[in-house]
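The first chain written gets the first letter, and so on, giving A, B and C; residue counts start at 1 in each chain.
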Amino acid sequence: MSGPPTSNGAGAPILSIDRVTKHFRGLTALSRVSFEVERGELLVVIGPNGAGKTTLFNVVSGFARPDQGKVELAGEPITALAPHVIVRRGLARTFQIPRPFKSLTVEANVEMARTSTAGAFSHPSAAHKPVDNVERVLRLVQLWERRDQGSDTLSQGELKLLEVARALATNPAVVLLDEPYAGLGPSEMTNLTRVILDLHRSGLTLVIIEHKLRELMKLAQHVVVLHYGEKIADGSPAEVSRDARVLEAYMGGRKAAEHA
Amino acid sequence: MAADIIIFGTIWGAIYTILALGFTLIFGVARILNLAYGAMYLVASYLIYSLVSGLNLAAIPAWFIAVAATCLMGMALYRVFIFPLRDSLGRVLIVTAGIAILLQEVAVLAYSTEPRYVPTAISGSFAIMHVRVTYQQLVTIVVAIVLVFALHEFLVRSRLGRELRAVAQDTEMAALMGISVERVYLFAMVISTGLAAAAGALVAPFLTVSPDMGWSPLLVAFTIVVLGGLGSLWGTIIAAFIVAYAEMLTAFLISPQLRDAVTFAIMIATLTVRPHGLFGKGIVE
Amino acid sequence: MMHRLARVHIGLAVAFIGLVLLPLWISNPYVISVLTLAALYAIFASSWDILSGYIGQLNFGHAVFFGVGAYATGFLGPHLHPLFVLLAGGLTAVGFAFLVGVPCLKLRGPYLSLTTLVFPLILERLAFTFRDVTGGEYGITVSSPLSRIGLYYASLALLLATLTTLLAIAESRIGRTFRAIGDDDQAAMAAGINTTRFKLGAFVLGAAFAGLGGVLYAYHLRHVGPETFSLFTSFSIVIMGIVGGMGTIIGPAIGACFLTLLGESLREIETFRILIYSAVLILCVMLFPKGLWGLGNALRGFIRKPVASGGPQ
C-alpha cells in the first residue's frame, strides 16, 4: 500500500505503550497492554464494546492515570502527565461524542487550541501565527465557510470534523481519533476518509479507534485488537484478520473452526 | 458531658441519616440538587408547631399531617418549578435556591424571626448510666430507625423501589426497560420530601423552630452524601454518625456556634482530599 | 455598523459622565448613598460574573471575597493609611481566592456551587465565635476616611476600573478561553488549555475586585459584621447576576443597580423586600434566562451572537 516512506522500524517508535493496566470500580479495563506506534503510521485499534479502547486513549492522553505501566511519546515519558501538558508535547485526541465549545463560533473553537512545536503536520509559521493555523485547519475539514457561525448550529458529522480540526490545530505529531466515523452519513464519511488520507500522506501519525472496519482496513498499516482489556492481536491487517483469537472474539468459536 | 455528647450524637446521627437518605434519593436518582430540600424540613417544623401549639392537635396525628402536607407541597414544587427546568442543572440550582429563600421569608412574615417552641409530646425521662434521656429523645431515635428500615425494605422489595434503583443506576437503560422515568422522579421527590419533613417534624420538639433552620440540614445532608457515598445505605449511616459526633464534640468542647462550621469543613476537606468519599462510592467521577 | 463592543463602551462612558456630574444637581445625601451602594453591588456582581458566567463556576459564596475585604478594613482601618487598607483588602481576598479555588478545581456543577456556598458560612460562624477579635454579632465600627461624596466618587472609580478591566478580558482570547472552560473543561484540556491556571486566574480576578469593593463597602456602612458573610448576601449577588444577565459583565452590573434601587424604593415594604427579590429571581430563571441584558439586546434586535474570535462584527 502506498503511503509516505517510513523508516521501516529503524527509528524509535513515536508512541510506546508499555504494560498499561487500569482498574476501574472493580473491573479491569486494561490489562498489561503493550504496543508501539511507528512515526507516520496509521494504526487502527479495534475491539468489541467495552474492550477498553477509550480507556486506553484516556490513559495515553492524560485523562486517566494507569495503575501500572508507562507511556512514552518520542522517547519521553508522558505517563500521568496532565492532559494539556501532553497536548503541548505533541499528542492530541478527539472524543467519541464531540465536545464543542457551545458558546463559541466554529473559528473560535479552533482558535482555542494551544499549539505545540512538535507537529509533523506543521506549517512553518503554525506556532507563531495562530490565525493562519486556524484557517488552514478549517479549510482542510471544509468548515472555513462556516467559521462565524455558532458551533451549536453544526450537524453531528460537522461537529466531528470540528473536533478533528481542533485537535489538528494543536500542531500535533500524533493524533488519537476515537470512533471518528460513528454517526456519520455516507458523504460525511467520504469527507472524513479524505481528511484522514491527507493527514496520513503529510506524515502525521494516526491512531484510530473504529468499528467500521472496512473503511479503515484499507488504509491501515498496523492493527491492534483489544478484548476485555487485553491485547489479543498486533500486526498488519492481513495478519490480524487471520488471527484465530480475533476471529473467535468477533465471530464466535464456530467460524474459527471452519477456517481451521 | 461525655454522656451528653454520646446521647445527642446518637439522636442527631439518627436524624441526619434520615436527612441524608432523602437527599441521596433525589440526588442519586434524578441528579437534581434540590436547594429547597432544607426548606421542606423547615416547612414541616413550622406546620407541626402550628398544629400542636395553635390548633392543639395531638402529637402523632400532627406529625403525620405535617409530613403529608409537606410532601404535597414538595410534589407541587417539583411539578411547577423543577420539572420544566430539569435539562439545565444550573437553573434548577438557582430556582430551588429562590424557593428556599422565599419559603424562609414566608416563615419570617408569618411567624417572625423569633424562635418558636414546640411542646414535647411525651414528657418524662429515665436514666441510663446516670444520664437523663427523655422519652421524647428515645422516641425520636426509634422512629428514625423505623423509617430507615422501612425505606430499605421499600427500596429492596417493592416494585417502585426497584424501579427507583434501576433509574438511579442507569436512566437510559431503565427507560428502555419500560420504566416510566418521570413517574420515578416524581416519586423520588415525594419520598425525599417526606424524609426531610419527617426529620423536621421529629426535631421540632427538642430544637427551637426558626426561619433560618433550613440551611444546615441541607448542607449536612450534602456533606454526608459526599462523605459516605451516594446510594450506599451503610455508608450513609456511618457518615451521618461521624458528622453527628463531630458536631457534638465541637459543640460541647469548643463552642456551639462552630457546630456546623465543622460539618462544612468536613465537606470541603473531603471534596479536596478524598473526593470519592470514605468508601469510594462518592460523587466525583 | 459600529462594533458592538464600541457601543457598550460608549454607553458606559455616557453613563459614567452622567453619574460623575450628578452631584452638581442632586446633593441629597440619601440619594448619593443609595447610588454608592448600587455601585458597590455592581462591582460585586460583575466580579461574580467572571467566575460564574464565564468560567462556569456558579458561585454561591461570592460574599466571602468582599466580606474579608470588609473585615480587613475593620481590623486595619485604624492603623493604616486607606490606600494600604485597600491593598490589604484586595490581597486578603486574593488569598481567599486560592483557598476557595483550589478545592473547587476538580468540582463541577452542584458540588462546586455548594462548596462555594459554605466558605462564607464558615467565616460567619468564626466571626460569631471569636467575638473578642471580630466583635461577634455586633461587628466592628469603621471610620471612613472619605466624605459621602468622596466615597461616591471612589466607588464610581472602582466600578469603572472593574468594568473596563473585566470587559477587556472578557472580549479577549482569555475571555474566550474562560468560556471554553465553562462550556466543557475536559475538552479545554484536550485543546491544550491549562484549565487549573485559568480557573485560579478567574478566581483571583473575581476576588480581587470584590475585595477592593469590600473595603469601600465597609467605609460606606461604617461598620462590618458577620451579616456580610450571610447566605442572603451571597444569594443577593447571584440574584443580581441572574436578573441582569449572566455571562455579560455588564448585565450583572445593571442587575445590581436595578435591584439595589428597587430595594431602596421598596423601603416602606422593607419586610417584603427579600420576598420580592426571591420571587423576581424565580420568575427570571423560569421566564427570562438571559436576564435584563438579554432582554434588552433581544428587544434591540441584537440577538446575542456566539462569541467569535477577534475582528469587528
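Rule of thumb we're sticking to: a contact is a pair of C-beta atoms (placed from the backbone, for glycine too) under 8 Å apart; a residue touches a chain by one contact, two chains touch by 3 or more.
These numbers were taken from a predicted model, which means no experiment stands behind them.
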For this session: Please name the chain that ends up farthest from subunit C once chain centres are defined by their CA atoms averaged.
Result: A
Problem set entry | Chain with minimal offset from the mean of all protein Cα atoms | C
Exercise. Which integer distance in Å separates the CA centroid of subunit B from that of subunit C?
Worked result: 32
Exercise. When the centre of a chain is set as the mean of its C-alpha atoms, what distance in Å lies between subunit A and subunit B?
Worked result: 47
Problem set entry | Computed distance of Cα centres, subunit C from subunit A, in Å | 43
Problem set entry | Residue ranges of subunit C in contact with subunit B within the complex | 58, 60, 102-103, 106-107, 109-111, 113-115, 117-119, 121-122, 125-126, 128-129, 231-232, 235, 238-239, 242, 271-272, 274-275, 277-279, 281-282, 285-286, 289
For this session: In the complex, go through subunit C and note every residue touching subunit A.
Result: 173, 176-177, 179-180, 182-184, 186-196, 247, 305-310
Exercise. Residues of subunit A touching subunit C in their complex?
Worked result: 61-63, 82-84, 87-88, 92-95, 99-105, 107-109, 111-116, 131, 134, 148-152, 166-167, 169-170
Problem set entry | subunit B residues touching subunit C - in the complex, by the definition given at the top | 33, 81, 84-85, 89-91, 93-95, 97-99, 101-102, 105-106, 108-109, 215, 219, 222, 226, 255, 257-258, 260-261, 264-265, 267-268, 271-272, 275, 283-284
